[in-house]
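Following this line, the structures themselves.
In the two complexes that follow, chain A is the common piece, with chain B as its partner first and chain C second.
What follows is the complex of A and B.
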C-alpha cells in the first residue's frame, strides 16, 4: 500500500486536493450533495477531463497539443449535424464524430513525425485549420442533438452521474489494459528517452503517431460530450479548452518534459480546475474578484509543486 | 564555419523572400497591393505585432515561451489610457513609462516562476496571464476602461515622418537597439547557450537565472510597448485586446527561423516573420475571404513554410 503511495505520489496529492475542494463545494452549495448537484458538477468536469486526457497523450511523448480546443470545436460542430437522428443514425454519428477527432490527431502526428516540425507549432497551425473547418460547418452556433440521447449521457444511472461511469469505464477498460500493454510502455519509453526507446527496438515514429491519434480521439470524445451537455454546435469554444487542458495536466502531475504522469492524474487535474471555478461561483466572493482568485489559486497550486527546488542543496540538480 | 554563416543568411532571407513573392502573387489579382500607400500602411500595422515579437524572440531563444503576452499588453494599454484619462499633466507624461514599467514587472513575475521555481514557462506564464486578467477585471469591472491616448501615444502609433509611419520607425529602432544589446554585451550568446544547454552555461559561470529574468523583463516590456502603440492606434484600451496577438507572435518568431526549442534564431528573421504574417492576414482580409477560409489558409501556409524550412535543413 505504501508503495502505491510512493509511486503515485502526484496522483495521491491531486486526489486529496480534489477531495478537499469537493467537500468544500458540497458544503457551500445551497442544495448540498444531491444527485442533481453532483451530475452537473461531474458533467462539467468530464468535458475538461477528456480534453486533459487528450493533452496527456501528447504531453507524455514530449509534445504539446495546442489544437485540443480546435478539435473539440470541430467535432462539436460535426456532432450537431450527425447526432440529431435516432437509432442506428446515432451509433453511426457517434462513431463518425470520434473518428473525425482521431483523424485530426493523426494529421498532427503525421506532420510532427514526417515533417520534423515541433509539435507546439504544428498544432498551432492545424488548430487554426480545424477552427476554420468548424466555422465552415457552423458559422454561427446552432444545430441540435437528439435529446433522449443527450439526456442519457448527461444524467445519472442508479444515482451516480453518467459522467462518473464514463470516467470509470475509461480508466478500467481502456487505461489499465493500455498501461500494461507494449503500446503503453512504449509511449512512456519515448517520453523518457527517445534514443533509449529507439535502441530498444521501439518503432518511435509509429508510437508517436499513435499517441497523437489517441490525443485526437479523446479530443473528439471531449467534443462529443460537450455536445451532449450543450445540445448545440459552437465553433468558438477552442481557446479556453486548449489552455485549460494544459493547466489541468500539470495540476494532475503530468510533466511537460514527457514520460511522467498518468491518465488518472490528468483526469484529477481537470476535476480540480473545474471544482475551483465552481467553488468560486457559490463562494459569495464579489463576482469581479473571482477571476483574480481563480488565477491566484491556479498559480499557487502550480508553484507549490515546485517548492522542493528551493531547498535543493545540489545546485546542478535544479537543471535536470 | 563559412558555410554555416551562408546557410543562416539564406534562412534569414527566407521569410522576406516569401513576403515579396506573396505580395507579387497577390498583386496579379489586385494591383493595389503594390501601391506605396498600402505597403506603408502594412508596415504600420506590422509594427504592433513586430515589437511584441522582438520580445518573444528573446524568450524563445532561451528555450522558453511567454504566454502572458495578451494581458501584459492589455494591462499596459489600460494603465496608459487611464493615466491619460485623469487629465493631469504629470500623469499624462508618466503614462508611457508607467506602462513600460508594468511590462517589466510582469516579466519579473514570470522570471520568479521560471528561474527560481523552475516551473515550465508555458504553464507559469499562462497562470500569470490569468492573474493579470483577474486584476484587470477587478479594476475595470469587466467594462472597457474609460480613458484616452495621449498625443505622444497617438503620434507613436499613427504619426508619419515623410510618409514613413512612426510606428515602423519605433519598431526598427527597437530592433537595432536590441541587436546591439544582444551582440555587444554577450547577452545574446548567453541566451542561445542557455537555449542549447542550461546546465553547461551555469557551469561556465553564467548567472543563468539572472539572464532568464532579464529576458522575461525584455519580453514583458516589449508586450507593454505593443499595448501602448495599440492603445494609441485605437485611442482607447479594451478588454482582451491582446488575445489576437498571442498565436501570431509565436508563428512570426518561428517562421523567422528561430527554433522553438531555443538556442538558434535571430531578431532580423523575426522582422521577416512578422512582415510575412501581417501581409498574409492583410491580403486574406482584403480579398474578402470568409473567416473560416482565412483560418484554414493561414494554418496551411504556416505548415508549408515550416516544411520548406526543415526541407532546406535536411538538404544542407
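What follows is the complex of A and C.
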C-alpha cells in the first residue's frame, strides 16, 4: 500500500486535493450533494478531463498539443450535423466524429515525425486549420444533437452521473494496457529517454505517431462529449480548452519534459481545475478574480513540481 | 566444443565516415559463435563505432556486414535485436522514468508492442539473483537505482533476450570484483551454449580473465587479432600505440622556473572527482589524460565554477577559493577561461554571427578588448570566413573551434582551460592550434590541456596527470612522458606492470 502511494505520489496528492475541494464545493453549494449537483459537476469535469487526456498522450512523448481545443471545436461542429438523426445514424455519427479527431491527431503526428518540426509549431498551425474548418462548418453556433441521446450521456445511471461511469470505463480500458502492454511502455520510454528507447529496439517514429493519434482520439471524444452537454455546434471554443488542458495535465503531475505522469493524473488535474472555477462561482468572489486564482494555483503546482532542479550539483545540467 | 566453421558476424571492408573524420577505416573483422572476443583500443580507435554498427544504431558508409555469411543491412536496433544481436551499451540504455520490470520488457522480441509472456520476467529475475542483484525490486524506478544496480539490470536485460551475439561495451565498469566474477560466470555459460560475445573493457585484467581472443584497433583500423595470452602487456600496448607523428608538433617552450598560477588542493565532488591536487605554473602546459569520463572534464568544470558542493581548496592568480560561477571565474580576480569540449552545444551559439560569438566571453568583462585584439588573433590563427556577419554554423569544424578559442583569448586569461580542443578537426587546424598553445605558454600563460589524444600529451605538455575513476593515478613528465606509459596508466595497468618488473 505504501509502495503504491510512493509510486503514484503525484496522483495521490492530486486525489486528496480534489477530495478537499469537492467537499468544500458540496458544503458551500446551496443544494448540497444531490444527484443533480453532482451530475452537472461531473459533466463539466469530463469535458475537460477528456481534453486533458488528449494533451497527456502528446505531453508524455515530450510534445505539446496546441490543437486540442481546435480538434474539439471541429468535432463538435461535425457532431452537430452527424448526431441529430436516430438509431443507426447515431452509431455511425459517433464513430465518424471520433475518427475525425483521430485523423487530426494522426496528421499532427505525421508532420511532427516526418517534417521534423517541433510539436508546438505544428499544432499551432494545424490548430488554426482545424478551427478554420470548424468555422466553415458552423460560421455561427447552431445545429443540434439528438436530445434523447444527449440526455442518456449526460444524466445519471442508478444515481451516479453517466460522466463518472464513462470516466471509469476509460480508466479500465486504457489504464491497464498503458502500463502493461509494450505499446504503453514504449510511449513512456520515448518520452523519458528517446535514445534508450531506440537502442532497446523501439520504432520511435511509429510510437510517436500513435501517441499523437491517440491524443486526437481523445480530443474527438472531448468534442463529442461537449456536444452532448451543449447540444449544439460552436466553432469558438478552441483557445479556452487548449490552455486549460495544458494546465490540467500539469496540475495532475504530468511532466512537460515527458515520460512521467499518468492518464488518471491528467483526469484528476482536469477535475481540480473545474472544481476551483465552480467553487469560485458560488464563493462570492468577484468573477474577474477567477483567472488570478487559477493562475496562482497553477503557478504553485508548477513550482512544487520543479524543486528537483535545486538539488542538481552540476550547473550545466540545469540547461539540459 | 566443436568449432563452428563460419563466423557469426563478419565485416568486410567496412568504412564509417562522419563528415571528414573516418571512424572506421576499411575494417575486416569476424566473430565466431562460442567465443569471447575482446576489443582493445585507445580513445577514438573505433571500438564504439564498431559496436554501434553491429547493433544497428548506425550504418556503414562503405562495405558489407554478414550475419551467418548472409549479407545484411541492419537498419535499426530493433532489426539487430530480431537477428539476435544484443548490445549492452556504454551509455546506459535504460529508461530512467520506467520501473525495472518495464525496462526489462521494453523492446523484447516477442512483446515489443503487445503483452509480455510471463516467462520473460521470471528469466530476468533468475539472472538478477545470480549476479548479486536479488535486492533490486522489479517495481523500483530505474532512476532510483545506483549506477552499479543499473548495470546489473542492463546485464539481465541483455541476457534475458537469448542473444546469439552478445555485445558488452564497458558492461562491468561500475561493478565490484565479486559481482564481476559472477557476471563472467554467466557470460562463460552463454559462450558454452554457443553465443558469440564481443567484450569491450578498459580493465585489462578483466580482458585477461575472460577473453578467448583479443583484437586490437587503432585509428579506426583493425590492427591484429590474436589468442589471449599470446602476447604480454608490453607487446599489446605497443600494438595500441602505433607510429608517432612528431612533425605535427612545434618545439615546446623550454620549462622555466616560474611562479605558481593555479593550485588545487584535494578537490572532491559527488564521487566523480576524488582527492585531486594540481599545481600549474606560469608558462606551463599541464596535460590531463586518461580514458573518457574518468573525472578530468569535471575538474575543469569545477575550476570554472560549474559544480556545486565541491570540497577541497583552490587558489588561482592569488585569489583563494573556488570560483562560484563562470562569471566569477572569467573575472579579473581569477582570470580563467574554459574552452569546452562540445563546441556546438557549449562553446558557441551556432545561429549567431562570428562577430557576436567572438564578443560573448568579453561581455560584462571589466576591460572590453579593442577591435585590434580580435583582428590580431583572427589573422594569427588564419580564421577562414567570408564575413564576420556569417553565422558560425556555416564554418567548418576547425574554424568553429578557432572562434571558440579566440572568444576566450581576447579577455587575456592568466590560465587557459582546454577540453579536448582538437577533437574531430582537421590536421592543418590542429597544427595551428598546437602552434598557438606553445606561443601562449611562451608568453607566460598557464594552460591546462585535457586531451584524449596521447600524442598531444606527449609532445605539447610539460607534465601530464593521468585520471582513472576520478583520481590521478599517475603523473608523467620528462623521460617518463611517453605513449606507452600514458596508455598503461590510462588502463590503470601501470601499478600491476611495475610490480611485475620490480
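Heads up, the rule we're going with is that the second predicted complex is superposed on the first by the 294 of 320 C-alpha atoms of A that agree within 3 Å, B and C clash if a C-alpha of one lies under 4 Å from a C-alpha of the other, contacts with A are read in each partner's own complex, and residues count from 1 in each chain.
Just so we're on the same page, contacts are C-beta pairs under 8 Å (C-beta built on N, C-alpha and C of every residue); 3 or more make two chains touch, one makes a residue touch a chain.
None of the values given here were measured: they were computed from a predicted structure.
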Request  = Would you sort A:142 into first (chain B), second (chain C), both or neither based on which partner it touches?
outcome  = neither
Message = Just to be sure I read the superposition right, which of the two partners does A:32 touch: chain B = first, chain C = second, or both, or neither?
response = neither
Query = Does chain B (first) or chain C (second) touch A:314, or do both, or does neither?
reply = second
Task = For A:132, select first, second, both or neither according to whether it touches chain B, chain C, the two together, or no partner.
result = first
Ask   = Is A:7 in contact with chain B, with chain C, with both, or with neither (first, second, both, neither)?
value = second
Query = More residues of chain A are touched by which partner: chain B or chain C?
reply = B
Task = Considering only the touch criterion stated at the top, classify A:192 as touching first (chain B), second (chain C), both, or neither.
result = second
Task = For A:122, select first, second, both or neither according to whether it touches chain B, chain C, the two together, or no partner.
result = first
Query = Hey, what residues of chain A end up touching chain B and chain C alike?
reply = 315-316
Key: Touch list for chain A against partner chain B, complex   = 64, 66, 111, 115-118, 120-122, 124-129, 131-136, 139, 239, 243, 246-247, 250, 256-257, 288-296, 298-299, 302-303, 305-307, 309-310, 315-316, 318-320
Key: For the chain B and chain A complex, residues of the former touching the latter   = 65, 67, 113, 116-120, 122-124, 126-128, 130-135, 137-138, 141-142, 198-199, 202-203, 243, 247, 250-251, 254, 259-261, 290-300, 302-303, 306-307, 310, 314
Ask   = Where on chain C is chain A touching in the complex?
value = 55, 57, 76-82, 87, 89, 91-98, 102-103, 105-109, 111-116, 139, 141, 269-270, 298, 301, 305-309, 325, 346
Note = Per the touch rule, the chain A residues reaching chain C in their complex are 3, 7, 179-183, 185-186, 188-189, 191-193, 195-203, 259-260, 312-316
